[in-house]
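Pasting the structures here.
Next come two complexes, and both contain chain A; in the first it sits with chain B, in the second with chain C.
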Partner chain A sequence: MEGQRYIVFLFPSVSYALKAEKILKAAGIAHKLIPVPRHISSDCGVCVRITEDKQQDVEREFLGKVGWDKVVLL
Partner chain B sequence: MPVTIDARGLACPQPVIMAKKAIEENEQITILVDNDMAVENIRRLAVKMACGFSVTEKEGGVRDIALVRTGATSQTPVDSEAIAADMSCAVVVGKETGPLVVVLSDNHMGRGDDVLGDILIRSFVHTLLQLKPLPDTVICYNSGVKLVVKDSAVLDDLQQLAKDGVDILVCGTCVNYFEIGDQLAAGHISNMYDIAETMAGAGRLLRP
Partner chain C sequence: MPLDKLNNRIIYFDNAATSWPKPAGMMAAMINYNEMIGGSPGRSGHQRSLDAGRIILETREALAELFGCDDSLRIAFTKNATEALNIALSGILNPGDHVITSSMEHNSVMRPLRYLESQGVQLSVVSCSGDGRLNPADVLAAIQPQTRMLVVTHASNVTGTIHPIAELGEIARNHGILFCVDAAQTAGALPIQVDEMAIDLLAFSGHKSLFGPQGTGGLYVRKGTENQLRPLMMGGTGSRSEFEGQPDFMPDKYESGTPNTIGLAGLGAGVRFVLAEGVEAIRSKEEGLTARFLGGLAALPGVTVYGPPDAANRTAVVSFNVAGVSPSEAALELDERFGILCRPGLQCAPAAHRTIGTFSQGTIRFGFGYFNKDEEISLALAAIQSLAGGDTEK
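Take a look at the complex of A and B:
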């Protein structure tokens, strides 16, 4: 994972983030729930971090199941 | 005859303030201090004010510091605020008060809701990595030991902390009680002697 670029998915609320995590767990996609980085503003204090190369897979999993606000490159 | 200032027993920033005042009024002073913080602060003052600086160790931890003006000091106005800002009482005080110890006594953060508490502890442990300076020790006991097992969501963070030099003590009794000895993946098993001693010796104890 060293040198790997990360992106985070921001959600409208904590419950969205939790739901997103469940979906990723079920799909077997490596991810990490982390506090929203200081330089990004969000009402929800946590976000889901994944490696950049997984963005499309993750979006496909989320579609129709959980909504997200935006995706930010770390 | 150099002027002698006795700043023994005085708390920061008193000694350096006295030294500054005295060297502004005299070509040469001797100041007695009894702690490293004062020595460091006066050393920096000497650099700022272009003074000669020498320190002599005396009995009982007393340091005898000689400051000598080397030239233009009296004509050069020195910014007192800049000097004050440069004097670090807090940093050295921090060192003197002992290590920063984080106690993970639960695998949740706070009481009220465990789902929320789970998210919070994960955020907390992840954020520990960004603390400057890092904690010296992390102690896990009771259900806090569940944070250092194989399937823990914060395992990577704790392993990174360990790699960065943080000592992670894991309560052996607790590991035994939860029967997770074969799943430990970070830190090292410790006992109540070490745990109690580390907590008692902490400068600051953080418990999420």
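Take a look at the complex of A and C:
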């Protein structure tokens, strides 16, 4: 994965992030829950990190199932 | 067969108040949370906090599946159905609004409504028949231009009478009225589909037919309804921590403060048990027990049974009285002589007792559950016969 760029999906709350995690697990898409980086938001929650190339796949999985606030490149 | 307490066994017929026993998995899930996880969900990002959050998510997902709700985040957890009903009623109704309810409601609906009435909300209580039935035509006739909400119980906690929820939901939807259902007695015991029944707000109890522990319940909120639904409590949610205003989204808007994670772990196991057994199978078993009991009571002189004559039109709740014995005396005797545990009196539903003509003495209420057995019904019938004087070996 060296050189691969990451993005994070930010959610309204941890409940949403955990629902997103469940959806990605079911879809078999590699992901990681990480604390929201301070430079992105002062929120104390978690966000979902994926590789940049998976953004469209992930958005397709989330659509209609779980809402997200924004997507940020790390 | 000796009637007196068999080897100190009890016969638990108070499932309408809280179910007992619970499925084995319920306590195991609570112990697992306490021993293996223990974190605070939705706060922090460490693994134990996330695991706690996952447990709550799985409980939400199981409930969403049970209620036919396509997004589990539409369900907010509360400590019981009463809190959920208070959110729904106080959160929507304003002075000048009109609200319609039935005369079979529990005080969890009546008391908030009577308070709101004192604050300027217009209230119509539609009369039900002597066996507790609500005629949808009477609800239709009560609708006014300013009617904001129709709130009814799915089934009476006194007579078990099942209200025609789908029909009422259609009436509410056709008139642009919010439809709030009190499912304390029915969640897990009768099929509930929030879309098919046009339910906007569904309040449920976790510790009755969903087999969770006490201290659990929740409120389903139809998408968009949260925009007009004020929270009852505000505070920390773990989300939007940089803002001092309450979050405006589900479920955080209604879930301030650390939740009852250990209870919700147990509730999740209870709901998964219901899903595995199937609501239809649970209903069939409970209806069979109720039919058997109603059939037996009909043969006993001096016993008056309330509610619909047919088990198909009621939940597994039967209210009755024995001539010459007060409900409280009967309950004490059933407990002490026969180990039969039930609930006498008004069952927190004075309006329902006025409707069926048993105010203020009340009734003896048996609430059967999925774990009761035919043999227990037979023993109870013999005990009641003894109370009614049909058995002289007192």
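The rule we apply is simple: the second predicted complex is superposed on the first by the 71 of 74 C-alpha atoms of A that agree within 3 Å, B and C clash if a C-alpha of one lies under 4 Å from a C-alpha of the other, contacts with A are read in each partner's own complex, and residues count from 1 in each chain.
What we mean here is this: a residue touches a chain if its C-beta (ideal position, glycine included) is under 8 Å from a C-beta of that chain, and two chains touch if they have at least 3 such contacts.
Since we're looking at a predicted model, the values are computed, not measured.
Visitor: Sharing chain A, do chain B and chain C clash or fit in the superposition?
Guide: Overlaying the two complexes on chain A (C-alpha atoms) leaves chain C and chain B clashing.
Visitor: Which holds for A:Cys44: it touches chain B only (first), chain C only (second), both, or neither?
Guide: Only chain C is touched by A:Cys44; chain B is not.
Visitor: For A:Phe9 in the superposed arrangement: first (chain B), second (chain C), both or neither?
Guide: neither
Visitor: Check the residue A:Val66 against both partner chains and state whether it touches chain B (first), chain C (second), both, or neither.
Guide: second
Visitor: Output check: A:Lys19 vs chain B and chain C. Expected answer is one of first, second, both, neither. What do you get?
Guide: Second partner only, chain C.
Visitor: Counting residues of chain A in contact, which comes out ahead: chain B or chain C?
Guide: Touched residues of chain A are more numerous for C.
Visitor: Among the options 20-28, 38-46 or 110-118, identify the stretch of chain B whose C-alpha atoms clash with chain C after superposing on A.
Guide: 110-118
Visitor: Taking the stated contact definition, name every residue in chain A that is touched by chain B in one complex and by chain C in the other, in rising order.
Guide: 14, 18, 33-35, 45-46
Visitor: Given the complex with chain C, which residues does chain A contribute to the contact?
Guide: 12-16, 18-19, 21-22, 33-36, 41-46, 65-66
Visitor: Quick check on the complex: what are the chain C residues that touch chain A?
Guide: 41-45, 49-50, 53-54, 56-57, 60-61, 71-73, 237-242, 247, 249, 251-252
Visitor: Which stretch or stretches of chain B touch chain A in the complex?
Guide: Interface residues on the chain B side: 115-116, 119, 122-123, 126-127, 153, 156.
Visitor: Looking at the complex, which residues from chain A come into contact with chain B?
Guide: Residues of chain A touching chain B: 14, 17-18, 32-35, 45-46.
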